[in-house]
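Below: a set of structures, written as structure tokens.
Note that chain A is present in both complexes that follow, paired respectively with chain B and with chain C.
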Partner chain A sequence: MFARLLALAASGVVIFLLLPLVVITGASFTTTEYVTFPPQGFTLRWYEALLARADFLAALRTSVILGVLAAASAAAIGIPAAIGLRHAGLPGRALLRGIAMAPLTLPTIVTAVALLQFYYAIDLDAPLGGLLIGHTLIVVPYCIRTVGAAFERLDPALSEAAESLGAGPWRIHLRVTLPAVLPSILAALAFMFVTSFDQVTLSVFLAGPDVVPLPVRLYTYIEFAIDPMLAAASASLVVLAMLVVVLCQRLLRLDRGLFAGAE
Partner chain B sequence: MTLRRRSLLAAPILAMPAIVSAQERPRITIQCYGGLFEKTMREAVIPDFSAAHGIDVTLAVEDDVTILPKLRAARGRAPWDVCYCDNDIAVLGQQMGVWAEDQSAQMPNAARIYPNCMPPATANYGNVVFEYALVHNTRKLPVAASWLDLWRDDIVPGIPHITQSYGLTFLYLAALLHGGNGRNLDPGFAAIKRLKKFRVYKNVSEGLALFQQGEIDAALFYNHRAQQMLDMGLPIAKTRPKEGTWGQHTGAQIPKAAANLAAARTWVNHSLGTAYQGAFAKNLYGPTNRDVTVPPELAARLVYGAERVEGIREAPWDELLPQRDALLERWTREIG
Partner chain C sequence: MRHLPLAPLLVFYGCFLLAPGLALAVLSLRPFSPTLVVGEGWTGANYLTALADPFYLGLLAGTIFLGVAVTLVTLLLGYPLALATVRAGPRLKSFLLVVALSPLLINLVVRSYAWIVLLGDHGLINAWLRAMSLPAVPLDANMAAVGIGLAHVTLPLMVLSLVAVMERIDPRLLEAAASLGAGEWRILARVHVHLAMPGIATGSLLVFCTAISAFITPRLLGGNRISTISTVIYEKFTFSLNWPLGAALAMVLLGLTLVVTALHDRLFRAR
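== the complex of A and B ==
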């Protein structure tokens, strides 16, 4: 009985999560000039209109580049930080961990305005660079948290065994520790990419006229018009995100890394 | 040296004048609204402007809500040469000292603009005038005569959020209708809270969606947006109630720290001209230049002519804006 109730509740949650996606995807095929569900008729013209929008495609390209660079930069900072924080002998470890997580505790809008003022103060006139610094700042705690958790649960016997076989500290890290936490690193990379790709608040303040990430372009569009082209854009992004998740799961066993991070 | 190698060497040299010429063309960055406004700019305004004045334009699509914090942070290096904003935002910017001195004396087209759309009457160079009508779904509210019809028990009104100019205008109007004024908005809050059912809309597109989906039956809404819904075939009517209508002067401003003041001035002057405003009028944006002529059937669908344009009333910003933070906090607490 309990199992059936649990299954029912789980189905309810799945339906609750999927329903908006069904509505938005359905609405993208309507022949009306406005968003409506169920769709009236069937057309692909909103997808054609979307593909004809060079600004939307440029924004998509910017978001993908930014997401990849932010995830890579944050990994370059976050993985060594997670390794460093793992050492029990490090003085003020708890304080350092708190500082590393600080970007998560600050409201994003405060970070955005502070960064904007800082960029003007140092005369930084590079919107992509500015966005990259901001996005890296926002996503790096996810890397430290996920990879750090994987390090915490790593069996110390592995390193000890390698050491007893004559491996030095670098070799142990590169050949033993890092491969063991690789699923978590990949999970962190995927999560950081998605977080950066989805970031609106920070990007609204830091984007320049020629460098506009997709969420900002969608946001500025939605402020003044909601038409089925927007539904087509949303449906395309949903499909794209699903493909990325499925591919990551198939190729990288993402769930292992996320599970390790959650522990 | 073969002919091919010579050609390869010569090509960059031959291309140099074109590159130099492209580099020498002045460029301005203009912040403007999205949607139909952006479309009109890109398709009907910028190509002609660039051809006529030899100035390239970079368009930065962004709502006017974030421009003031950006300009304040920017200080000596504004991200745009020209900004588009509603008059209340322009008034706030004026108080913050982010705009350049009034340039209208150096804009020949300024003389043809209705005086209530230009400094000193407004804080921006008004190139569009909007009117807020009482827009209603004719299936739920066939006839409307007064703003007080929004308080009928058998309809669901849409209430604009006060982060928008029209939201603040509506709160003022609600206060005015119930015994308050610009300095005493308590009756407005009380009247909104007294509504049995209502939906708050935070921007134009959300309001449009709510009308289209039949989730609101009536609201204070842009006249031209109502016309668009009518053109789509929706059962909508727009009424100018007996108490009169309010509106908004939207226009351009030049930041004090604009990189290219002369080109910015050229743009703003162009935006006050008949070609620019005629292009916008085709998309139902009311012109502020008295010389813009439109066909009678179009004139009937937009805010047009001296009587209509000069009759547009704005909310008393000098009274409302100083209270804005407190009003927003109260709105969040009491209305949502």
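== the complex of A and C ==
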């Protein structure tokens, strides 16, 4: 009785979780002019319509550029920070760790308006640069957490061995510890790219008229029309995100790297 | 010297987290000027408006109510799923975990779009109900629609927090309760829920903080009819251009988040 009720309740929740995903993917193939599920007939014309939209493709390009740059900048700042936070004897280590994770604790909309009015005050008129700073800020904690967790798992004997063979600190990092945590670094890069690619709140506030990331383009499109082309765009994004996750899981065991530090 | 590797991070945070944060705090203490956006001098009027004006007080109460409601719903939905996940065999377990995480794969705008399609007056749920000759339910651009959308967004946070704690519950404690004659329901209510409490607390904190500061979901699912603190902050910064009041509201939202987080830490980290 208990087990059966539990299975029933869990199945209901599974349906709730999957419903939007299934409906959107299904509706993108409908032959009707409006969104419906189950889809009527089967057509790929909404996907064709999507590929013909120059503004959507430009937005996709902006998002990819932004994601790559944000992941790279966050890695450039975050990896040294993770190395620094490794040392147990570092004065103020707990406080510094808290500071490093600060962007995760702040509500995104607060970060967004803080940056918006700050750019206005310092007269920064570079939408891509402004977006890049914001996105880097939001993803850098994931890099520190993932790479930091990889350092914790690392056998200290490795660097001790290198040291006893006469390697200096730089050499130890470049030739021994960094290659050992490389899978986690790649996983962090992929995760940061996806997080930046998905970010909407920050981008809605910071985007300029000519620099529009894809989620913002979708956001403004929804306010004016709801048609199956948007379902096609949504389904494409879902497939893209799934591909990235599966790829990471296969190649890098993403789950281990990310959740190890989440405790 | 040992702090050197942290220097780039600290400089970056100093320039683009601390400085903007301080500038926001200063902005919230400036008077509003219709011509200049931001006036000269200092004032506490924005906080007085944000915390004492009936409209903004109602807004704050409504947002907190929404946060509590979403937290309760995700707890109610998340607990059975988390319990089924930890009790499942390895194959079913990884399937359930992937399902629980699946909303994170869908962009927020896309998710809101899916719920608009499902919940609207001419949406799919009402079309299905009509097809079965059942009465329509009002889910178009109202608080219920926003709540459903937010519950979907935040459920993964709740399930992950619950599963992480439930996995570590010693099965011998549950067996001991059973051997003393307690039925499954009694074990759940008297033993399991108590042991899962740290997960319930962490999940609730994450869900509540996400729900009260969410912007995209209330904005898109609420049409223009539902206001939360976040949507009003957006309006103050984009349409009415009352930046000082918007900044004060943002500081209030930040304060609320920090207070709830501190409360959680005090209650559950100390043990």
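Following the convention adopted for this analysis, the second predicted complex is superposed on the first by the 224 of 263 C-alpha atoms of A that agree within 3 Å, B and C clash if a C-alpha of one lies under 4 Å from a C-alpha of the other, contacts with A are read in each partner's own complex, and residues count from 1 in each chain.
In this section, a contact is a pair of C-beta atoms (placed from the backbone, for glycine too) under 8 Å apart; a residue touches a chain by one contact, two chains touch by 3 or more.
Since we're looking at a predicted model, the values are computed, not measured.
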Touched partner set for A:222, first chain B, second chain C, both or neither
both
Chosen between chain B and chain C, the partner touching more chain A residues is C
Q. Now for A:140: first (chain B), second (chain C), both, or neither, which partner does it touch?
A. second
Is A:54 in contact with chain B, with chain C, with both, or with neither (first, second, both, neither)?
-> neither
Practice item. Considering only touches as defined above, state whether A:113 meets chain B (first), chain C (second), both or neither. Key: both
Open item on the list: For A:208, using the defined touch cut-off, is the partner it touches chain B, chain C, both, or neither? Pick first, second, both or neither.
Closed with: first
| query | When the two structures are overlaid on chain A, which partner does A:125 contact: first (chain B), second (chain C), both, or neither? | reply | first
Which partner chains sit in contact with A:33 here, chain B, chain C, both or neither? Use first/second/both/neither.
first
Both chain B and chain C touch chain A at residues 35-36, 113, 116-117, 204-205, 222-223, 226
So, in the complex, the side of chain B touching chain A is made of residues 29, 31, 33-38, 58-63, 66, 69-70, 73-77, 79-80, 203-206, 208-209, 212-213, 232
In the complex, the residues of chain A that touch chain C are 1-3, 6-7, 9-10, 13-14, 16-21, 23-24, 27, 35-37, 76-78, 80-81, 83-85, 87, 89-91, 96, 99-100, 102-103, 105-111, 113-118, 121, 133-134, 136-137, 140, 144, 198, 200-201, 204-205, 215, 218-219, 222-223, 226, 230-231, 233-234, 237-238, 241-242, 245, 263
In the complex, the residues of chain C that touch chain A are 2-10, 12-13, 16-17, 19-21, 23-24, 27, 77-78, 80-81, 83-85, 87, 96, 99-100, 102-103, 105-118, 124, 127, 152, 155, 164, 183-185, 188, 209, 212-213, 215-216, 220, 230, 233-234, 237, 243, 246-247, 250, 253-254, 257, 261
Note: in the complex, chain A contacts chain B through residues 32-36, 113, 116-117, 120, 123, 125, 204-205, 208-210, 212, 217, 220-226
